[in-house]
């Protein structure tokens, strides 16, 4: 594509794409794993370069302050997950759950997924974004089903069907947005460009925008995992390989959320259209409370954290739904913190499940005794995700709650109740997992602690001290979000 | 755009909705597939008409995809699946035909009401066309929801997707419609291959979705 | 802070009970944190300005102020252990190491009290007349139920933990009184009540620290926390037992020690209640006074029991027999605190004057300065009304005791002789025939426990000729668990059970949900005006 | 000042001297009512002297607390007793402790008595201590209710002011005061281990409370405890007299004549009180131990009722 600016953006997209092609050809998992890590690292560097040299946006590619946050986060977690995946996959190969052929496929798909997500984030074109998200969905479907067990295929199938319907609805919404745009901006490519749409949206037909938003919210909301559209999420998390669970929770949900946010910005700029906020806030709140209750009823450890992702997506969507600089800031921060923490949790959980040979909570206990590093890592992660001070998520939850107070004091009540319900469940489970008399396998572990430590350190640091530059950046983005 | 062109486009769109109702009405799988092929043909005609009217040659590609892929390849493939599975007898409806049709009427009415709020000056064809497209989408979804059988669910999904293509082509001058239709074809191919794969691997004895997702969750 | 304490509670997590304790603790702590968070959010108002000055300036409608009060009461109450938010305290304290429980009991609960004072008195604006009512009721109920619990426990640290609940109740009664007086514009009376509460905060910090250190010393020396396996420690640990005795007497509100002074001040404040304009309060305050008096009497019984069973009598286990005094540093730390207890008890005027500026800052009034009063008495309102002189009482007691000792040594026989205990002619060789902690509390449990805790005794008496021992089991129900927590847990379980069905649907049904959501939203759009 | 000091000292001596006499008097009354001759009035003094001369037999594992407690019990009781106005209100140190403090002082005495009972580690000591603690948990709040009633009525907890208020004409007859009086009598009976709560004359194992606690005491220690018990009885009598029947009480600045007059009145009141106590004790039987809670609960309720009625009558 000649219209691509030839710099960081190109690299961010080209590296994963090229590596994917390469990995599909290369045999030997060791080399592929190394290459995978290397490529993820290079992509991360390219993404970081966007912070410094911000390219101009073209007809297909848009780089603004909002999506840089997402891109950097995306590639950071993508990189650490690739590190984790290297040690995880080695173990899977030993136990024979995966074959080298699978692995070749797996690594290639991993890079395709990274490419798709980066593309979705950087796309300036709502159609292109839709295509990228569909690609990401297809890739993850394949990855979720990679174990070929009955349960894995069921989960993948469920994910596939629900995801496809979601995607279809999103497409309809996209078409509607375009149709709303044509009378104002004219036919052709312009009607699908963010940069154009945002500027002119106030003149669009509000009724059309309303319908469009309903479809987009439901469509991309399915991918975000908002209740009641969430059904695929826990299964997909539980049955896929753990690195994929981490990527799903930490990244793909964000990408879908990013899409919702973009359209929310559109709608918010048109004053005659219905306000998207209340709708999002309601769905967010519903997801939070629903997932909070469901957390009590999960006995599969990965499934439980899948529900926890729904819960946190609920909080984030609620925050963005509330709107206003403070709530948006809180939502952004919460999203970042959640990505970091949740992927760290999945890293530990992946190792734990490998050691214990099971994912059932009931058959795991006393982790802090048998595997202190993993056990305490899990405890720290859960404590963080549950929103205890002084970790980062507490900060953002505090901001969400207090900004809710500022605007809708009554909504804070169910919000806090939901937080408390989820908190009780998470802590209940982690008490069972990490403490008490040891249960389950006690074998030694070849874990990669580095990604876990890196994520948790970041979360802890964010809880204690947020660099002013980051705060300023987020505040700026929050204002962009309106 | 003259009166005639408008009327023809309208006719095709309306025909699509009508075929959707026919789909809902079917209770045999082979007949279902035939009707679906008919829908694909109508869609192809409609798209081709748009291409002709708007002078947008790339839309012919979309029309061709619709015609070849959806009207011929997929129905044939599904035919073979049905034959191999031996499930050609009946569509297992969860909700019987009568209430389904009534619900379908309701959905069409709903999409009309929703779309009539759109201001008319937006685009001459937009309002009615969109209303029809929305109806087709909703009817497709309704079909997915009211059928137990995987094949009929796939058909429902494809009919939903036909509605999308209708909307996309109806939107004058919309870019990357072709790409989108290709992407969707890939999606559908995946679904079809998926059902085939399940059968070949003999993981599941039936393609009843009910049996597929006897879920592994944990009851206590 | 709660995270740190949680980690400390979880220090010995292999024990199932400790795990449960940690869980209950952290959930309650977060409940408190979140309610406080809500309160601060409301206080900050729409501008989100979290500076205290800005909060003071906010104007609130009475309803919002009332909701705030409730939130603050819930938040600080759960930290401080107000009934029925007290359930974590008795679980957490036995699980935590002694010095940690000392800290948790002495400092953390006080932080909660500070928070309450700061928010309610300082930030919330002028109180309404009824604000005192929930605080008083919660405080009074907490005091009685807390100390009754303490009486029923056989684990020494648990006794102390529950007694903390009682003292918190007392403090909140003081605060409630201060609120009520402030609302009625009786500034001096409010200052008196607040002084009493703060004085008690200080006192409790002093003597409860000693008690926890003492319990820790006992634990170190014997490895036992169960009172029924202790006894006779006064012979092996004379210094510890003396200091522990001082603290017991202080916490039992016995003159001339400090516990009595603060309780006396509370009573003085209660006696000012006829000045309150509102009838409900007029009647409530003396009733709360009755509760306070009851809890004071129960506290005396409780600590007589604690000291008597642990330190007096004969050793009930070999561990108790082998106990040795703890090291000098622990002893001197305890001794310094005990000395402070005595000093605060005999010259309370200085303490009151010390608290004065704080009280003045909060309520805008203070008790009259006490340092100019002759003989270092304290006079809360007027001398004709009431006064108390700890120093003189102390001196009188010392003087008359020495006088008696002097005369007896001059006049009476010096002879003394050791002999086996007489015991009304039934000397018993076994220490097991002593009264235990449970048997000591049994009459009180019969009188109060049957009512409050629905306590039932089940006696399992073997048939004649059978050799197994008879057993007595006491079944008690915590009304807080039964009426508050169990229903909440049941409700959560019920709802999650209901929602659980959503996990087992078919793909088709999930699609139906999506479809339903879509149709619903479209209908909403269609009906949108 | 000097005069006040003299009066204070006189009072301290007086209570000390009169206390055994009152105990002896009550015993005498009871004996006469039962048509016995009874011990002589001065018998308690003789008992005390005899005990003082005897050697002390300490149980083998009695601790220092066991030996210190009698002095503490005696001292606190004595201090409390000497702060209650008997014949005159002009006590020099009456302001050093008010009514609440006096009750709390008695509480200190009881606290140590209970501990002393548990010290030796016998079953009887435990029984006594446990029951005493139970009785105290009911008696003390009842007593506080009485104090509240009176203090709210008089606007003071200072005994001198209280007596002065009761003497003034403004009091009249009040229902709440009457209720408080009844409650106070009941509490006094319980506190002093009299029938029907406890029997000071019995050593029947399972019924005793006070005696069970002091079972191991002998010699001078027992003497102190006995004296303290007598002082306590006197104290309650004085308290009732001072709060409800303050007639004849000498005002603070009264001359010697008035003081003497007050003294005579005090003796008469004591005699009447002692007689009534003896009469009451001969008429009722000892209760089961768990009936005590009902008895004292009634006292508590009376106190509370008195306090509530106080508000009612004031509002009229």
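By letter and in written order, the chains are A, B, C and D; residue numbering begins at 1 in each of them.
Simple rule for what comes next: contacts are C-beta pairs under 8 Å (C-beta built on N, C-alpha and C of every residue); 3 or more make two chains touch, one makes a residue touch a chain.
Note that the structure is a prediction, hence the values are computed from the model and not measured.
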Touch-network distance, subunit B to subunit D, counted in steps: 2
Top-ranked pair of chains - ranking by C-beta pairs in contact: C-D
Most central chain, Cα average position: C
Where subunit B and subunit C are represented by their mean Cα positions, the distance between them in whole Å: 70
Rounded Å distance between subunit C and subunit D, as computed from the means of their C-alpha atoms: 31
Approximate Å spacing (C-alpha centroids) for the pair subunit A, subunit D: 78
Centre-to-centre distance between subunit C and subunit A (centres being mean Cα positions), rounded to whole Å: 47
Multi-chain contact residues (two or more partners), subunit B: 114, 117, 141, 144, 153, 212-213, 215, 218
Junction residues of subunit D, two or more chains touched: none
Per-residue multi-chain contacts in subunit C, two or more chains: 500, 503, 505, 507, 511, 514, 518, 522, 525
Chain contact topology (line, ring, star, complete or other): other
Which chain pairs touch, all of them: A-B, A-C, B-C, C-D
Complex contacts: residues of subunit C adjacent to subunit A: 2-3, 10, 13-14, 16, 18-20, 22-23, 26-27, 30-31, 33-35, 37-38, 40-42, 44-48, 50, 64, 492-493, 495-497, 499-500, 502-503, 505, 507, 510-511, 513-514, 517-518, 521-522, 525, 528
For the subunit C and subunit B complex, residues of the former touching the latter: 500, 503-508, 511-512, 514-515, 518-519, 522-523, 525-526
In the complex with subunit A, residue positions of subunit B that touch it: 114-115, 117-119, 121-123, 126, 130, 133-134, 137, 141, 144, 153, 157, 160-161, 163-164, 167-168, 170-176, 179-180, 183-184, 186-187, 190-191, 194, 198, 203, 212-213, 215-216, 218, 220
Contacting residues of subunit B [partner subunit C, same complex]: 94, 107, 110-111, 113-114, 117, 138, 141-142, 144-145, 147-148, 153, 209-210, 212-213, 215, 217-219
Contact set on subunit A toward subunit B in their complex: 125, 127-128, 130-131, 134-135, 138, 141, 150-151, 153-154, 157-158, 160-161, 164-165, 167-169, 171-172, 175-176, 178-180, 182-183, 187-189, 191-192, 205, 207-208, 211, 235, 297-300
